[in-house]
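Look for chain A in each of the two complexes below; its partner is chain B in the first and chain C in the second.
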Partner chain A sequence: MSDLAVSPNKIPAAPSAFAKALRNPLWLRVALLAGVAALLEIYGRLYADPAFMSPPSLIVNAFFTKIAPQPQILLALWYCVAQIAAAYALSVMFGVVIGLAIGASGFSRSAFFPIILLLYAIPQVSLLPLVVLMFGLGPVAKIAFGFSHGVFPIIMNVVAGMRDVKELHLRAARSMGASRMETIRHVILPHAVPSLFTGLRLGMTLTLLGVILAELYVSTGGIGYFTRVFAESYDPAPLFALTGCLAIIAVLFNELVRLAQNKLTPGKRRPPTLKNSVKE
Partner chain B sequence: MERPSLATRSVQIAFLAVVAGAWFFATETASVSALFLPKPASVYAALQRLVQTASFWSAVLVTLTTILKAFAIAIVAGVLVGYAVTRSKLATQVIEPVISGLFTVPITLFFPMFILFFGIGTGSKVAYGATYAFFPIALNTIAAFATMEERYLRAARSMGASQLETFRHVLLPGALPVLITGMRIGFFICFASVLGGETISSVAGIGRNIAHAAELMESARMYAWIVFVIATSVTLNLLVYAFENHIRSR
Partner chain C sequence: MSDTVISIRNITQRYGAADQTDAVLALDDVSLDIRQGEFVCLLGPSGCGKSTLLNIVGGLFKPTSGTCTVNGRLVDGEPHPDKVAFVFQESTLFPWYTVIENFRIALKFQGIAQAEWDDRAMRALKAVGMASFARHYPEQLSVGMRQRVNMARGICVETDILLMDEPFAALDEQTRMVLGEDLSQLLAATGKTIVFVTHSLAEAVFLSDRIVVMTARPGRIKTIINVNEPHPRSPDFMLEPRFSEWRNECYALLRDEIRATMAAQRDPQPQSAGA
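Up next is the complex of A and B:
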């Protein structure tokens, strides 16, 4: 509206690079996060109780002095990465195969999909002590728990993707003489790809959750042991640094799946990048 | 969803029967250690004993109040933050990806910090559950208010609706379904994360009792607790599902 007030012989100057950056969401986001970090730094240095809070600079410092030089912690982190990878690989394999089997026909879908939904509604964390009791304190329990979290969203999204094929496309395939297998291969599967990737991303998030829950529950070894030691000795800097390492691992795993999605989903089939609401 | 036919129903019943039968036979023939899988009868007996103890109900009460406190905090914070963010397009563009990005990182990572800040009692579980449930509620609030069609708002304005009237008659009814979905997801995340927090480290509550039974290797009691949790969760799911349908159909 204020543009109207500018007299016609005065051309408004092109916005400077700085003014442009001010309107760019990406830079504003970076600035926002930097601002939060700066506030934490000030608060941590001036006001916080050093037994509970640590300024970001000391956390980074703690990573180099207390995390990186300790081979046991690095080994625990490495185990964590390997467990996530193994659990996710199993989730994808079983999730896709079971999802395809259930989604292949209307009958199997209406018979087995409610069972999957029922299993998915179980708060799996109540089974965590049982899983550890069964599989022991080692990596197997963590892989199993990550797998049981990750597999369900993949199954559900594969089934959902195969279900939502337009009737028109199916009829077109049939009328052109496609067999059942050809219809699945050329119509249903390509249609299910975007939904599959939604499932793969959700599956990754939940696999991470499962593995980390199990890691924290088993406090006699691995990551859970070190977090407990740091928390109980009121030594927040290395605790935050270790948590930061895990967060970076989680972000990298998520990014890996997102990159695969962008690479493997051609053009229009890609779901909108600004995901607006959370659904199952 | 297709209407369940007799054939699909019988497949489902057969599936459940096979699972139950497998449980029964595996324990009767002792091919699985009773430590991992106790007999159905002993689980039932343990559950019967459990519900008669006072400690059972106090544990349930602890968990229930923790969940409700966490959920209340998450609703207030999530809706306020979400609504505030959508008041500006730029703020939505800047902040929405931050919140949705954080949500893909398991908040469980930060659980030891909650223990550090709020102690091992219920406070840390309230904070942890509230933090976890905050994200879906805030994200869905943002989605609900940011995707509101501009023309409805313009129509309301042009008909002389005040800010409050616009909110009451246009924004809120339009946003409600997505808001409710966010709250449902938030509630079950809250439920699971409070249980998880109690399982990992706490002094009271349902999760603590499951972990404790596992530590003592009293599998029948552990299974009794698990059965209770699963039954509660399934019942809650059905109730919330019915409630949500009721809201939507109005």
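Up next is the complex of A and C:
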């Protein structure tokens, strides 16, 4: 009741730092993670079989004692990053070029798009032994497998982005006298950019999956080899530490694509640079 | 008539083959002459082919039969951007370009020399009072502001003829009235010939020199109403008794057409469809 009588001139006091922090969703996220870690710690120390599970503290400890000091493992991680980067670069190059070619006209789209959809739907893991036979035990097989996973979502999203261009935009461009090439360059391609980035992010996730799958299936000195060694010697702490490293690599790569997306998508809401602009 | 700029002769537009049951006759033998500097509204029930007619005049559609000439040149499904500019709904602005870039691209498509782009763009933007928003993206503007910009984009190419396809349909009533005033002033200032498709009665009466009332499908010209009122028109015009008379006349004409369409849809027998 008395709230209603407050004079309109009275400015409410600035919220305290604590109240501000409370409104940030970050604390809940951190609290949840900390809670899960604490539960794992208790369970790992008191009840779990040490051959299969490790409390988080031992995993962190294993990272510093068994992963970080071993140059072979660090080198294997570095190879893994390099393979992902190579496979992804190939996926992006071929994905964008093939996608543009297929999406360029309704005819080529009708002809080729179903084939892309079919290829994308094939569960490629079943072909992994064949890929290894074809490309050997080295990095080429991993890059090839990462590429074959990453390229299809990129093609699909480029084609979809070009297909979904608004009829009204095309008609407007035509009424202004735009040529076919101008229409593609200034209407169809900019329209496809958000969809392209969806494809690039999906492609990144799947490239990672492809490379790591191939790593785990067969590897003579890479991450796959070390995970097998740790698993087979019932030493879960470094195994989890290694997995954590892979997760961090994955997050970093995904972040990279996301940053590129935010930077490069045209027409994203950003503050105007000039108040009373006349000339550029 | 020597000052005729758009001449529409016996235009018929059919979608789908004539022998097919789902073929639609959108326009049936439409003929119309539009004079230099005239503001002509195409008014009719939805689906009567008024947008189709506009697109034929603009060269975006090729008519099934009949001819359309603009400035004596035959239009046959080929746009002629040097003579005719289109204004569609506000969503036609390219959202990936800023306002000024939208103008530049329109002028580039039109084949205008690059040196002129910014001058022309700023002139058109000033004419609609949007000069300070040149660097904004369309989505940063309100719907009404976007339509102002969109209208200015149609103006900046400086063609003699402006074709407007329900440009204000997505706007609220007060905004469309304000933009209508702008348009009336523009007409008086530039002497452009404007063909305007709408289904708003008040808009048609407020803006037009002539209102072409069309029948329900298949679209034919039912009547042409002359609105003898000089441009630019002020909002006071809407308070005049003659404004209401013209408006009511349009409504009475359209009402019959809409009733006929509804009856045909309720009872899709051949005889009632022809009623």
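Keep this in mind: the second predicted complex is superposed on the first by the 239 of 280 C-alpha atoms of A that agree within 3 Å, B and C clash if a C-alpha of one lies under 4 Å from a C-alpha of the other, contacts with A are read in each partner's own complex, and residues count from 1 in each chain.
Here, a contact is a pair of C-beta atoms (placed from the backbone, for glycine too) under 8 Å apart; a residue touches a chain by one contact, two chains touch by 3 or more.
As the structure is a prediction and not an experimental result, all values here were calculated from the model.
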Partner chain(s) touched by A:His191 [first = chain B, second = chain C, both, neither]: second
Chain B versus chain C, judged by how many residues of chain A each one touches: B
First, second, both or neither for A:Leu128, with chain B first and chain C second: first
First (chain B), second (chain C), both or neither touched by A:Thr205: first
Chain B versus chain C as contact partner of A:Phe52, first or second or both or neither: first
Partner chain(s) touched by A:Glu182 [first = chain B, second = chain C, both, neither]: second
Touched partner set for A:Gly106, first chain B, second chain C, both or neither: first
Chain B versus chain C as contact partner of A:Ala172, first or second or both or neither: second
Contacts on chain A seen with chain B and repeated with chain C across the two complexes: 274-280
List of chain A residues in touch with chain C within their complex: 166, 168-169, 171-178, 182, 186-187, 190-191, 193, 266-267, 269-270, 272-280
For the chain A and chain B complex, residues of the former touching the latter: 23, 25, 28-29, 32-33, 52, 106-107, 109-112, 114-115, 118, 121-130, 132-134, 201, 205, 208-209, 212-213, 216-217, 219, 227-228, 230-231, 234, 236, 239-240, 243, 246-247, 250-251, 254, 274-280
Of all residues in chain B, those that touch chain A in their complex: 1-2, 4-5, 7-8, 11-12, 15, 35-36, 90, 93-98, 100, 103-106, 108-113, 115-117, 135-136, 139-140, 142-144, 146-147, 178, 181-182, 185, 188, 191-193, 195-196, 199-201, 206-207, 210-211, 213-215, 217, 219, 222-223, 225-226, 229-230, 233-234, 237
Residues of chain C defined as touching chain A within the complex: 58-60, 79, 81-82, 84-86, 88-89, 91-92, 94-97, 100, 105-106, 108-111, 118, 122, 131-140, 157
